[in-house]
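What follows is a structure written as structure tokens; I'll ask about it next.
Note that the chains take the letters A, B, C and D in the order they are written out, and that residue 1 is the start of every chain.
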Amino acid sequence: MIVTDSLLTSFLKTRSDTEEICAPLETEDYVIQPIVDVSPPKWHLGHTTWFFEEFILSKYDTNYKRFHPEYAYVFNSYYESVGKRVIRTNRGNLSRPTVSQVYQYRDYVTSHLQAFLEENFDEKINELVEIGIHHEKQHQELLLTDIKFILGNNPLFPKYNETFTENPESNQSNQYVTIQEGIYEIGYQGNDFCYDNELGVHRVLLEEYAICNELVSNKEYLDFINDGGYNDSLLWHAEAWDWIKNDNIQAPLYWHLIDGQYYQYTLQGLKALKLNTSVTHISYYEAFAFAQWKGQRLPTEFEWEVAQHQFKWGSRWEWTESAYLPYPNYKKAPGALGEYNGKFMVNQKVLRGGSVATSQDHTRSTYRNFFHPNLRWQFTGLRLVKNI
Amino acid sequence: MIVTDSLLTSFLKTRSDTEEICAPLETEDYVIQPIVDVSPPKWHLGHTTWFFEEFILSKYDTNYKRFHPEYAYVFNSYYESVGKRVIRTNRGNLSRPTVSQVYQYRDYVTSHLQAFLEENFDEKINELVEIGIHHEKQHQELLLTDIKFILGNNPLFPKYNETFTENPESNQSNQYVTIQEGIYEIGYQGNDFCYDNELGVHRVLLEEYAICNELVSNKEYLDFINDGGYNDSLLWHAEAWDWIKNDNIQAPLYWHLIDGQYYQYTLQGLKALKLNTSVTHISYYEAFAFAQWKGQRLPTEFEWEVAQHQFKWGSRWEWTESAYLPYPNYKKAPGALGEYNGKFMVNQKVLRGGSVATSQDHTRSTYRNFFHPNLRWQFTGLRLVKNI
Amino acid sequence: MIVTDSLLTSFLKTRSDTEEICAPLETEDYVIQPIVDVSPPKWHLGHTTWFFEEFILSKYDTNYKRFHPEYAYVFNSYYESVGKRVIRTNRGNLSRPTVSQVYQYRDYVTSHLQAFLEENFDEKINELVEIGIHHEKQHQELLLTDIKFILGNNPLFPKYNETFTENPESNQSNQYVTIQEGIYEIGYQGNDFCYDNELGVHRVLLEEYAICNELVSNKEYLDFINDGGYNDSLLWHAEAWDWIKNDNIQAPLYWHLIDGQYYQYTLQGLKALKLNTSVTHISYYEAFAFAQWKGQRLPTEFEWEVAQHQFKWGSRWEWTESAYLPYPNYKKAPGALGEYNGKFMVNQKVLRGGSVATSQDHTRSTYRNFFHPNLRWQFTGLRLVKNI
Amino acid sequence: MIVTDSLLTSFLKTRSDTEEICAPLETEDYVIQPIVDVSPPKWHLGHTTWFFEEFILSKYDTNYKRFHPEYAYVFNSYYESVGKRVIRTNRGNLSRPTVSQVYQYRDYVTSHLQAFLEENFDEKINELVEIGIHHEKQHQELLLTDIKFILGNNPLFPKYNETFTENPESNQSNQYVTIQEGIYEIGYQGNDFCYDNELGVHRVLLEEYAICNELVSNKEYLDFINDGGYNDSLLWHAEAWDWIKNDNIQAPLYWHLIDGQYYQYTLQGLKALKLNTSVTHISYYEAFAFAQWKGQRLPTEFEWEVAQHQFKWGSRWEWTESAYLPYPNYKKAPGALGEYNGKFMVNQKVLRGGSVATSQDHTRSTYRNFFHPNLRWQFTGLRLVKNI
């Protein structure tokens, strides 16, 4: 049973955390969409709010009056079954509602939902609120990486703030931990919140493997570049090779070669490349090519989940070799909420772990993130595995 | 000889007029670029400023220090010979510099140029300032029409203000004025400013024609729509037909058919269509198809220039049948300023007249505006001609 | 050890089978490439020949003189490491070499390789010949389906011949076979030829499931259409939904709705839709949506492989839910031949079984075919699985 | 009055000339469409035949039975008002009807029309036949240049034949002929056939100019290249500059730089560049940039028409500065034949003269050809004009 008090605390905390992430922004930063994958921050602020309005207040609070009749159209993301929506590529074409109006919308929905929850106890509604909280936490992560792209793609390289540490130092004493052949259970078994894609606990048989306790570092990745990694077609998938040729990819995202020296745009601005930290902002394609070059491979998501208590994780989303597929007993939720995960289960790769952008308590060892194999604007990284 | 005093007055007036146009905007409205042809307002503010900095201050004021080393890159528009530049499609991807910084940039350049002009008299520099003033006046027009697009393309249809009248009433008593066959002089012959594309006065031989004293009205255009004008391929150019099919064009830009009634987005918001006003926001393709349907034709730019004292003009840019080509003795300016007009003299049609968005004193009877034949976001209109 | 005699027989048989497939064609049919996935038949004829020339004759037969110095450029498919090549989208832009010259090229290479094999026994070379034979058999399948597309995409609907039966009747008494939970071995364990992607025999743990002994029929698929299957977004992946909307997909490929009746283009021409035969020419997206509609699912490739001796298969390639990934111990061949399979192991789905277009003896129960999830020009089909 | 006898002779001669042009082709050459502007030769053969069938036989010969009910769909080019058609980009996707069937179609229509004309005298029909003859002559020119592209775009560089001379030697003693200021008559005034776009004889006033008696030679054009002409943005239109950058244009079409030496693909195969012949296969953009570089300009079509008796012309279509626009009194034909010229009068430039590919007696001094400014596959050339 979900206790309302702590739920309410969590709800209010999540709402204010989202706003905290945006605190360093100028109004202009909230508006733009430099690539289709990056949404304007004000869209995230509005969309996470609309989620509570659409799926809870407008359905269960009989006195509730929508803040604005057109906002459902503006802030719906991809729920085909809920109604028409601004198509994704157009999110950056909307100067209105203004940032200030979006914050008013947030306050309106937050306070109405708070009042509603304080007066109505209902297990079903609490579950929906919990989904909404986790939904918003997911968007917090996107919000920060979208902000990084918005700023890092600007020729003036403005900094986000002076304090956000995205590249912790690392000792980099690579060690391989051996996991014995065996049958292992996969999937979420706790009593707290998890997504439908983690459910359907099931067993997998794994053969013996050795997994590195450290992520691949910038230093190692630089060796790959200097060894001509981006010019050897045999290391790459066919689609990856087309991608690096068409988009002229020569290094991770945010790396800039200036006068023979690599720099890296970070949330603290443009900095000289730090070698003893884990590489980030690489695509699956690059992670795979690097592993090929090393004569090793990426873990499957099952190998990762089984081994994860043997190493530190959480600063980089780690690409796995696994395609994003339903677990054997996967059941999607009925109705619009069923669109949450299932409909993306094709053409994407699983990432495990979480990153410096992940909201506190949001990730867990069974959490399955997923992206198309060419995307790089998340804090992605790479861990190697050897067969034995 | 250009007198510095009145030049300075004109300069300062132009600078403040530009800012006046932006006064009703929210910060967010300054930032976006919903289609490639529409630039963000803050880009116009910066670009017109950069023009003075690049072509005058940085060249002639030896004490001048650029406001920011990267702004030349951000605010150059298309001067290939001046250096690299943000490509046009990316103008809406820049949240920085902020609107406030752009205004600081404006103030900085305005006051430096003012101080410089007050202390230095130089015919050449005054000429450049005059070009800069007219350049900025051209952008004022684009600024207003870009703002209209930014707001009118938004599903919330926000208004610009309560007062801007873009659709004056008209009596619509169409009369055709006959112009006799003869040899006429074309081009600018005054002593004030004009663009290089108006120069090279020359004679043309025109046969007799009759030109309407009124622009085509919304009412007449509605008749064309209701008669199936958009469905009769024989009225359209081949490229126009592809365009209306691909983009699903059924009416002028900003017309919305709601419950069987046409509405028109205006700077005062969405309004019921006003019949007795001149049609606007049509492409050359639509103007041509309408004239075909009427069994008449568009004037050439020469016919327009010769007849223009016979009718009122200035509320709509009027499409002509003329392609935008150099006059027989056209000479483009040397260096970067030579890129101003000449390099666009292909694949565009000439418009004559000016519009409700045109800055005071900016247009004249010899002024040649030009756009691609499919573009509609200017206040374009249409006047008919009959052969006799 | 590969015995040369039977290898030679197999080689010559394969070469002549390829030509047999093309026997009904007009010269013009050999040349065109209506979509990027479909190669011109003469390209298949040349490419399979080039494979033997490039990887065997030019490397091991010291007396061999290439038939034409430019053919390697023309007929290389995707071997990035072998040299430059005509890019795939341009295959249909080449009228030369002529069909007759390509047949001469075939004869030249066939006879040279025959002579070489008769005089030289070498295990390594025999292995390469065997790969070349299987490579050509793979292309036989593509050849027939590409021919079907070339003819079936033509508004005249020419027939291939009078006899090719692609739609055998079926009794359609659907029965579900239950497979017990257990650990099963996957991968090729025989001594004959197989591809590298089938190797690395390994065990998987499967939970209990029930698999249908019949493929889904046209009749069942028609029910799905008539029930609005193509209009219910909740049945489809997000990318699938975009695909059916953008490409206006309403039925399997080659189905034509004429006067309210469905027809189906077949190699024998346009025919009324046969209901009691298995549906074909559907994408993975459609297979998945159909299964969703039924409340069932597709098998994984492992479930299929384990169960396959329980039902008849071989007339339709069957879509599985499995992404095309390397087996745990996958090792790709060194050098150019390593480009054969491994580099395609992303963004594709596995198909199992083989089809009416598959060359005799070419498929087997461990064979892994793979295509992008939107492709339909193969004889694809669909078998359902239920969890228990 | 059109005399039937000579008309019939002309008709039969035109029909056989078309087939003569195709005589050197292989069947495969008839089928492909390497770029959208180039149609498959068999399409030209069928389309010119369909023109006679559609506009004459099916309308006026009451006994006529169409050769095939679907050929109107296959061979209609752009007549929107006549019915649906294979869209232009798909012409190369049709292997059927075969070349042999198309020749049968030709014979069928030729003999039916011959029989019909022999038995029926009708002024109106004779006019239509005359249009059909000229229509076919126009296609003869396209046929040859399309064939050149089909062969010249092939990496094997097959020759068309051994005799076609496309690059006659030239003395290249450039002289400028002065034309006095005056009023000149423009347009066709004879009694033979001409197109509607040449009619509406009218007067133009020309100022004095000097026009070169020779076309620009390969040698002169090579100087332009060697002087960095393709790298100086100030010489080019803005759209031209984008075009040469996007398509990596560095020289005329069919020029190949091999080991530091320029070669030129011709209908006789790949040959060393001949310097003392006129440059060809250049776009309007290149012609314009060359003239800018020379400090001269292109003639207008009126200047060309007035001066044309002063120099030799006919080997190269000559780009003019004129946009393709209707003459002042232009009237397009009613119905489908009105689609012949008028609907292309936007975004194209006029060419004058004719070329080595032009059918005998097809061009004349008033003939107006037109192409988009970036196209190069015709035998285009360039003549310079100086203001005085």
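The rule is short, and it goes like this: contacts are C-beta pairs under 8 Å (C-beta built on N, C-alpha and C of every residue); 3 or more make two chains touch, one makes a residue touch a chain.
Keep in mind the model is a prediction, meaning the values are calculated, not measured.
Q: Over half of interface residue numbers shared between chain C and chain D means same, under half means different, so which is it?
A: Chain C vs chain D: same; shared/all numbers exceeds half.
Q: Could you find the chain whose CA centre sits the greatest distance from that of chain A?
A: It is D whose centre lies farthest from that of chain A.
Q: On a C-alpha centroid basis, what's the spacing between chain C and chain D, in Å?
A: A distance of 45 Å separates the two centres.
Q: Report the inter-chain centroid distance for chain A and chain D in whole angstrom, where each centroid is the mean of the CA atoms.
A: For chain A versus chain D, the centre distance works out to 57 Å.
Q: Mind pulling the residue numbers of chain C that touch at least two other chains?
A: Answer for chain C, listing residues that touch two or more other chains: there are none.
Q: Any two chains that touch count here, so list every such pair.
A: After working through each pair, the chains in contact turn out to be A-B, A-C, B-D, C-D.
Q: Spell out the part of chain A that touches chain B in their complex, as residue ranges.
A: So the residues of chain A touching chain B come out as 26-34, 42, 70, 73-74, 86, 90, 92-99, 150-151, 153-156, 158.
Q: Would you pull the chain A residues touching chain C in the complex into a rising list?
A: Interface residues on the chain A side: 78, 80-81, 183, 202-205, 207, 233-234, 236-241, 284-285, 288, 321-323, 325-326, 328-329, 335, 338-339, 343-347, 349, 373, 387.
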